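Report on one structure; see the data block that follows.
Each chain gets a letter, A, B and C, in the order it is written, and its residues are counted from 1.
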Amino acid sequence: MDSVIEALPVYLDGFRLTLYLAAISGALSLVLGTVLAAFRVSPLRSLRLIGTLVVEVGRNTPLTLVFIFFVFILPGIGIILPLGTLPAIIALTVYTSAFVCEAVRSGINSVGIGQAEAARAIGLGSVQTLTLVVLPQALRTVVPPLINVLIALTKNTSVAAGFAVVELTATGRGLARDYPADVIWMLLGVAFFYLVITIPAGAIAGSIERRVVFSR
Amino acid sequence: MSKSVLYDEPGPKTLRLERNASIAVGALIAVGLVFVIIGMAGRGLFDDRWLVFTDPPKGQTAGDVWGSLGRGLRATLTAAAVAAPVAFALAFLLAILRTSGSRWVSRPVTWLIEFLRGMPVLLMMFFGLLAFGLSAFAAVAFGLILYNSAIMAEILRAGLAALPKGQVEAGTALGLTRWQTMRLIQLPQVVRLMLPSLISQLVVLLKDSSLGFIVGYPELLRTMQLNYSFFGDKYRFPLFVVVLIIYLAVNITLTRVAILVERRLGARGQSGRVATTALPPEAEPEPLGRA
Amino acid sequence: MRTRTIRWAALAAAAGLSLAACSGGTDSDPDAGSSVDPGSFPAGSTMARLAEAGEITVGTKFDQPLFGLQGPDGKPVGFDVSIATIIAGELGIAPGDITWIETVSANREPFIQDGRVDIVVATYTINDSRKEVVDFAGPYYEAGQALMVRADDDSITTPEDLSGKKVCSVDGSTPAKNIQDNYPEAELVTFAAYTDCLDPLRNGQVDAVTTDNVILAGYVAESPDDFKVVGEPFTAEPYGIGLAKGDDEFRGWINDVLEAIEADGRWTAAWEDTAGTVLPTPEPPAVDRY
């Protein structure tokens, strides 16, 4: 226990990097994921195809393989990215976008068909129907699963530990090495810092959800 | 599906736009592919390293290599097949308890769910292994079950929240108890409504078994790493390609099977926009549990 | 390419032979596995218990070139594996009755403490903080941290030259910590396995790879055109055999075995069959009976 407190500054460094990775990749994947979802329900077949392809590959591949692709396979075909946070952010964003897309699409499906019919009946085009009528209502069902996706992302940043990013998990591994007598305490310390992010995130989601439900 | 509702049938103008867009995208992909293949060939990615699958070096046989990948795949599937049904059953329990009328029940369950979904799976596996003395396999299953039951419970709850209130009111009016309303009216609709999310989660579960390497569970991804550690790093590329294909094949098959199930469920309840006919109870969790 | 294939074939054959040769207490008798009498060990000792059971669980690494690598056929090979096999043989346990468990850096101590493994032979550096929770027999080998760079790079020869350069190692490892603590001007890049450092070094994404000299030598042997090891090792990494804390009887016995095999040539044979295929044969280090 004492060693956890002793190691606090080290934890905080890792924690900061984890937050950074989660925030940047989270924001990017919310945007990319929503665009992909729009692609997937768009009238243009080629757009639907791209959307489907990215989502299918993204959500059916383990994140570690996505990381291996951006860190080791891309340099193998001549695209050399600097090691560190950049390939990590790209890998996390591509992977998470697939899940954001699916969550948003689930939400779109949950909106009553009559809503879209009504929107079309008053002459809105497909983009307007989506952005003005369907998506705002879809938000209701989408918020909790989206928060789940973002919480999963926060924890998924731990995979970056194996790919040249010293975030929280990598920090924990180093501390476990430095304090072999306190391995379990060191891991509990890591768990604590993840919970510091994820539990408030869950609570915020809960309150947003309640508010959205009331405004129905 | 909402597909045909969001837009009109494409007219001549849209069709032309679509054709042009398809050609542009196709050309872009073709150029990209040529670039990639030239780049790969230039770096020797098509040389004898592919022999690792037919005539591997270091005194191993092709059978050894494929055998190890097969054992890895089996370990991955076993972990998922054990964890998924248990996680799903637990998720139902958690979701029902969380939406229960009593605060004394719903509060602690809410905390439990928050805690479980906030913990990295990897750490749960580690605790299973070190703190509870489980075997590597049990530790992997332990982590997968706890984490995924919390996530699936949240998915089910979101679905419950999205159901029109009239459904519950109608149940009450019929004289059904709360539990009967839940079982006969709400859950069957929720499962169908949230099926895409649930299926995604099953695939996540399957993929998360790959975190088992941290506790020494030799699943597919770890097998790949051990193979290229053994043969040398130039074999990473062929092994990566084959393992990627295996994962995609398994997961996409899983998704397709689940979509077939979804269609079947959908066809049964088509009498209304929101199903009013209750499904027999055994039809609820069973199709997903199969994964 | 061809010579490499032949060398690996020879290595595999040698490893197979050495496994067979080690199966008994004496080299001449292939069935000697059961010839050790459990009664010859002090009653109640760990040796008696293991010999009685006829089984032993050994923790080793599955991804360390030359020391512990698991092939696709499921059999681990390497110097650590050979040493553990010899020790098991001295207990009358045949190689087939050894259960190999992969121990990664983070779980070696807990596995020993829980009794999940009987011994750990896993490029396991003896140090004081580890001695607080486990005990070590040996050392049976002394490695040292060294640097590997691109074959055409002459700008780095000592760790002092790493200032401002990117150096690659494994996340949470002792060599990584050493760089972090003693050469803070170097930019440390860490991956999950040393194999992962090789492509970035080739591509120029990092300037050096650092870990124990023996592991680096294995990589240079595989890609002599790409890499070279520079300078002298700048740390001492005595590899020990980890066992339960306080089991001094067992520790003393393993130390006896190590001294015996260092004297009768079995240590050298095990080395030459494994790491010795690419490295010169060193003098075995003196056992430290602390």
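Operating definition for what follows: contacts are C-beta pairs under 8 Å (C-beta built on N, C-alpha and C of every residue); 3 or more make two chains touch, one makes a residue touch a chain.
Everything numeric here is computed off the predicted structure, so don't read it as measured data.
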Farthest chain from chain A, going by the mean of C-alpha atoms per chain?
C
Higher-contact pair (C-beta pairs counted), B-C versus A-B:
A-B
At what distance in angstrom does the C-alpha mean of chain C lie from that of chain B?
39
Let me have the rounded angstrom distance from the C-alpha centre of chain A over to the C-alpha centre of chain B, please.
15
Please output the residue numbers of chain A that touch at least 2 other chains, ranges allowed.
72, 76, 183-184
Among the residues of chain C, pick out those that touch two or more other chains and give their numbers.
106-107, 110, 192, 196, 199
Name the residues of chain B that each touch 2 or more other chains.
130, 236
Residue numbers of chain B touching chain A in their complex, please.
1-3, 5-8, 10, 14, 17-18, 21-22, 25-26, 36, 39-40, 42-43, 45, 110, 114-115, 117-123, 126-127, 130-131, 151, 154-155, 157-159, 161-162, 193-194, 196-197, 200, 203-204, 207-208, 210, 221, 236-237, 240, 243-244, 247-248, 251-252, 255, 273
Sites on chain A touched by chain B in the complex
41-47, 49-50, 56-57, 59-65, 68-69, 72-73, 76-79, 99, 102-103, 105-106, 108-113, 116-117, 120, 125-126, 129-130, 134, 140-141, 144-145, 148, 151-152, 155, 158, 169, 183-184, 187, 190-191, 194-195, 197-199, 201-203, 206, 209, 213
Mind listing the chain C positions that touch chain B in their complex?
1, 4-5, 8-9, 11-13, 16, 62-63, 65, 69-74, 101-104, 106-107, 110, 114, 192-193, 195-196, 198-199, 222-223
The residues of chain C that touch chain A in their complex are 105-107, 109-110, 129-130, 132-133, 166, 168, 171-174, 176-177, 189-192, 196, 199-200, 203-206
Using the touch rule from the top, collect the residues of chain B that touch chain C in their complex.
48, 56-61, 64-65, 67-69, 71, 129-130, 133, 214-216, 218, 225-230, 232-233, 236
